[in-house]
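Pasting the structures here.
Here chain A shows up in two complexes: once beside chain B, once beside chain C.
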Partner chain A sequence: MNFAPLRRAGVYVFLSLAAFISVFPFYWMAVGSTNQSVDIVRGKLGFGGNLLVNFQHLMSQVDLYRVFGNSFLIAIISTVLTLAISSLAGYGFEMFRSRIRERIFELLLLLLSIPFAALMVPLFVMISRAQLTNTFTAVILPGIASIFMIFYFRQATKAFPRELRDAARVDGLKEWQIFLYVYMPTMRSTYAAATIIVFMNAWNNYLWPLIVLQTPDNKTITLVISTLTAAYTPDYGVILLTTVLATAPTLIIFFVLQRQFVQGMLGAVK
Partner chain B sequence: MAQTRLDRGEQFNGWAFVMPALVLLGLFMIYPIIWSLWMSFQVGRGANTSFGGLANIQRLANDALLIKALINTSIFFVIQVPIMIVLALLFAVALNDPTLKFRGLFRTALFLPCVTSLIAYSSLFKSMFSTDGIINQVLLTLHVIGTPIPWLTDPFWARIVIISAITWRWTGYNMIFYLAALQNVDKSIYEAARIDGIPAWARFTRITIPMLKPVILFTTILSTIGTLQLFDEVNNITQGGPANATMTLSMYIYNLSFRMMPSFGYSATVSWVIVVIVAVLSFIQFMIARDRRRAS
Partner chain C sequence: MTSLSLKGIRKSYGTLPVIKGVDLTIDSREFVVFVGPSGCGKSTLLRMIAGLESITAGDLEIGGKRMNDVDPSKRGIAMVFQSYALYPHMTVRDNMGFALRFAGKPKDEIARQVAEAARILELGPLLDRLPGQLSGGQRQRVAIGRAIVRHPDVFLFDEPLSNLDAELRVHMRIELARLHRELQATIIYVTHDQVEAMTLADKIVVLREGEVSQVGTPLQLYDDPDNLFVAGFIGSPKMNFLAGEVVDSGAGSATIALVNHGGVRLTKPLGGRLPQKGERITIGIRPEHFGEAGEGTDIVLNVDVAEHLGSTTYVYANAGGEQLIIEREERHMGDTDTLAVSISPEAALLFDSAGKRLR
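Up next, the complex of A and B:
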């Protein structure tokens, strides 16, 4: 007896079911943004005609342009700074080995497991003593030296051909020039993958902005969703429309850069 | 002499590249951790604090809410993490088969939840799991249940909602790690096993799992930390309720520090509980990994 076809069918059923469960909430979100709150809570599955009304309600409650501007500004600055600082460090740890720096790197790997929850209270006290509460600096600054990203870049740098560096040295390039003109262009798929991860994290960040950003004109889109959801009678049409708007940028980036993402995960060098 | 100067240059460059990161990490990670140790000995509320010795540590032992949060976190960890890792492994192995059709489509679909923000998907799940919401409707239509389940108002079901939500969001993320690792496994090992007539299940448990052990360990540590940080979902879906059934450590620290009159000293003590737990768990996980490596 050959069970192979049966097993193959089982795999397809299993994967299809899982894929359906994964994708369904996205459909739910899209449908919900066009429906009234009552219909959403009742589980209506078809598109409705309430999209514009939801949009008007949302616009009357929050300054959408400002909120989106805040989110983009924070995410873009965070991404650029995080990539710069972390790739410099990852490159430095891998290319210039010394016993002290290896010890430091091991210490960093230990610190990798410390959850943010353990840091947020002293960080908040620090930020408020520096009178930085309710500023974007307070949101961005503590996150830009990411141990995870330093580790990621160090791993990727292992695949960077040393001959390229040696050749550049022979040509008389200084170390920072080698980094800027040889390393960075060679590692662009690594940077692409890191960009996706860091941008998404910054865009989706919630707990720390919730703590440090206080006035409505400084809020980010995630904070707005949470405020809308926490309302005594939440208007799900408006909420789901906002989640569509908040998810759109990361969704677009994911679909455009999906190939780079997978390549970067594998540490491939083009 | 020339050699020494070159070395000195190398040293200088090495420090120059890592220094910006080290300064920032020192300022925003190491300093806060050490300082919170000092803070954890302070008692009092708001700005009115004084040195309290071991008072906060005594308070820990009698803190019913902290114990509740610890139990909840362990429930989430013990139930959710294994389910997620097994699912992610199964997906990865299935998708690693080059003869499978629609691989790209399946992979994209399964990874898609990872692009949503924790807050966005929490709001989605809250709306889907409302008492007369879509989930109850589907279950009622399929006659799985006779009466609607009070998902968000019953302690047991609220935990189920949180566990399902986290599993939905993170399984694809773990799967990507396993897929990447599987591509580095030498295909000829599987060929040899197949020729020797070793069944698929045994190939999975005897070849795939051992080969992926380092990645599995890595993702387990990530998930452990993830469980300890659990905040966005519970804060948005259940607000820690009902009856604190979904109160997590992070949420408890947040409530202590930022809801009502802050008690920073005691929240620093609770923060250190997390640090100790993480240290112990990481240690155990590494010891297990090392023992298995030695045994095999």
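Up next, the complex of A and C:
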């Protein structure tokens, strides 16, 4: 008996189910943003006509421009600094020979196993002593030397042709010029993939900003969503609309950079 | 153009020596080829000249100036890499002008130099393309163009043709020879392909395990190798080696018995050291130097395969466990099972048990 069609059907069912599980929350979020809270609680799954009302309610409760501005500022600065520092470190680890290089790298990887929860309190004490609480610097600073990103860049740098560096040295470039004018443009797929990962992490970061950002004028979009859910009678329409707005930038960045993201994750150097 | 001199050049990685004392002089406008098997240190030596590897000991002089610690860009060299090493995000034009840009040359000067190099290498229509849009041969020409625009004193080529297919390799080899004549440049060229070495070089440096095995013109190395290694490395098909034992020695000649061929004897006049009686000797003979039976010391071989190449025929044969290649002028060898050939004393080269040539 030929089981191939049956197996194929099984695969389709499984993939359809997985696709549904992946996409449905986004659909429900989008639908919810157009409905009243009461409809959402009742489980209405079709689009409604309450989008503008929800938007007005949101604008009346939240200084949306400021909140988005805060989130963008933190995410963009975090991304730029994390990419700069991690790629420099990854480049250095891969390009320069040293007897203690691997020991230091192993130590860094070991540090990855320490959960953030264990670092939170000492980190807060440090930030507080540096009088940086309730500043964007406090949110950005602890994340910019990302060990995972250093590891990612070092692995990607293994695919960077060493002869390009040699050619650049013969052409008269200093090491920083090689990094800037040869390495960075050559590794743009890697940077694109890293941009998505770091930006999403910075944008979605909740716990650490919750701890260090204390005044409403400094709040980010993730903190605002949690504030909205904490109301006595939460307006789910408004909450889901805010969620849609909060998701949009990461989706846009992903779609713009998705080709490079795939190349970058595959370690392609073109 | 400029001459180069290497005096006692050494390189070690930790305690591991990779270049074990190289002394060499390269004259101005000379085309010198470093050749040797993989891992012999030829590329490392080239990179040391380029300044991409540090020199552990010894002196490197380019144009009479000590260059050991001078930055690669200030040594007056340009290098063409095996993988071409073109900057993938830049057009051909930008790739070629990149070094000049960093040397602070004005834009019109860069444009002029790039145009001139493009003319020499016929790259004009490709100037606005990216390296990814070029074929292997075109990329190679761009890599050479990038070297030309800098007007270096010395060109360094690191196995530049090894990534090309056979036909293109022959074409580029001719191009390189033409370029050398046109530019009148000093060129140091690294390859493991002895055909490239023979066809391009004014002077070949054969390297083995970090040491110079022999230096000479291609025909010197071919006709008069100093040792067994050079004799076996230079020449395609390879030189044949037959095992022998000295049965008589004295009065300016040695008589050798070919131990795998029924002990037939060959008497060779020698001007230098005479081997001891009973000493093990290797007899080297090029495939084209075997004579017709009756002209010298005859040996009979069992024919394995005959390759008819049109102008010549290579016969692969064996006897007494030795594999030999014989070049014959006959276009058709027929279905012979055996072949009788002779070895003349003039054509036979003798090597002692340490592989050193006995002359």
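What we mean here is this: the second predicted complex is superposed on the first by the 270 of 270 C-alpha atoms of A that agree within 3 Å, B and C clash if a C-alpha of one lies under 4 Å from a C-alpha of the other, contacts with A are read in each partner's own complex, and residues count from 1 in each chain.
Here is the rule we use: a residue touches a chain if its C-beta (ideal position, glycine included) is under 8 Å from a C-beta of that chain, and two chains touch if they have at least 3 such contacts.
All values reported here derive from a predicted model rather than from experimental measurement.
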Applying the touch criterion given at the start, work out whether A:77 contacts chain B, chain C, both or neither, answering first, second, both or neither. neither
Tell me the contact category for A:163 with respect to chain B and chain C: first, second, both or neither. second
Could you figure out whether chain B or chain C reaches more residues of chain A? B
Does chain B (first) or chain C (second) touch A:53, or do both, or does neither? neither
Touching A:185, do we find chain B (first), chain C (second), both, or neither? second
First (chain B), second (chain C), both or neither touched by A:101: first
Quick one: classify A:173 as touching chain B (first), chain C (second), both or neither. second
Contacts of A:23 with chain B and chain C, given as first, second, both or neither: first
Contacts from chain A onto chain C in the complex sit at residues 161, 163-164, 166-173, 177, 182, 185-186, 188, 269-270
Contacting residues of chain B [partner chain A, same complex]: 10-11, 13-18, 20-25, 28-33, 35-36, 39, 87, 90-91, 94-95, 97, 100, 105-106, 108-110, 112-113, 115-128, 130, 132-138, 168, 172, 176-177, 180, 183, 200, 221, 224-225, 228-229, 231-232, 235-236, 239, 249-250, 253-254, 257-258, 264, 267-268, 271-272, 274-275, 278-279, 282
With touch defined as at the start, can you tell me which chain A residues reach chain B in the complex? 7, 11, 14-15, 18-19, 21-23, 25-26, 28-29, 32, 40-43, 45, 85-86, 88-89, 91-93, 95-98, 101, 104, 108, 110-111, 113-126, 141-142, 144-145, 147, 150, 175, 179, 200, 203-204, 206-207, 211, 222, 225-226, 228-230, 234, 236, 239-240, 243, 246-247, 250-251, 253-254, 258, 262, 265-266
The residues of chain C that touch chain A in their complex are 47, 50-52, 71-74, 77-79, 81-83, 85-89, 98-99, 102-103, 132, 146
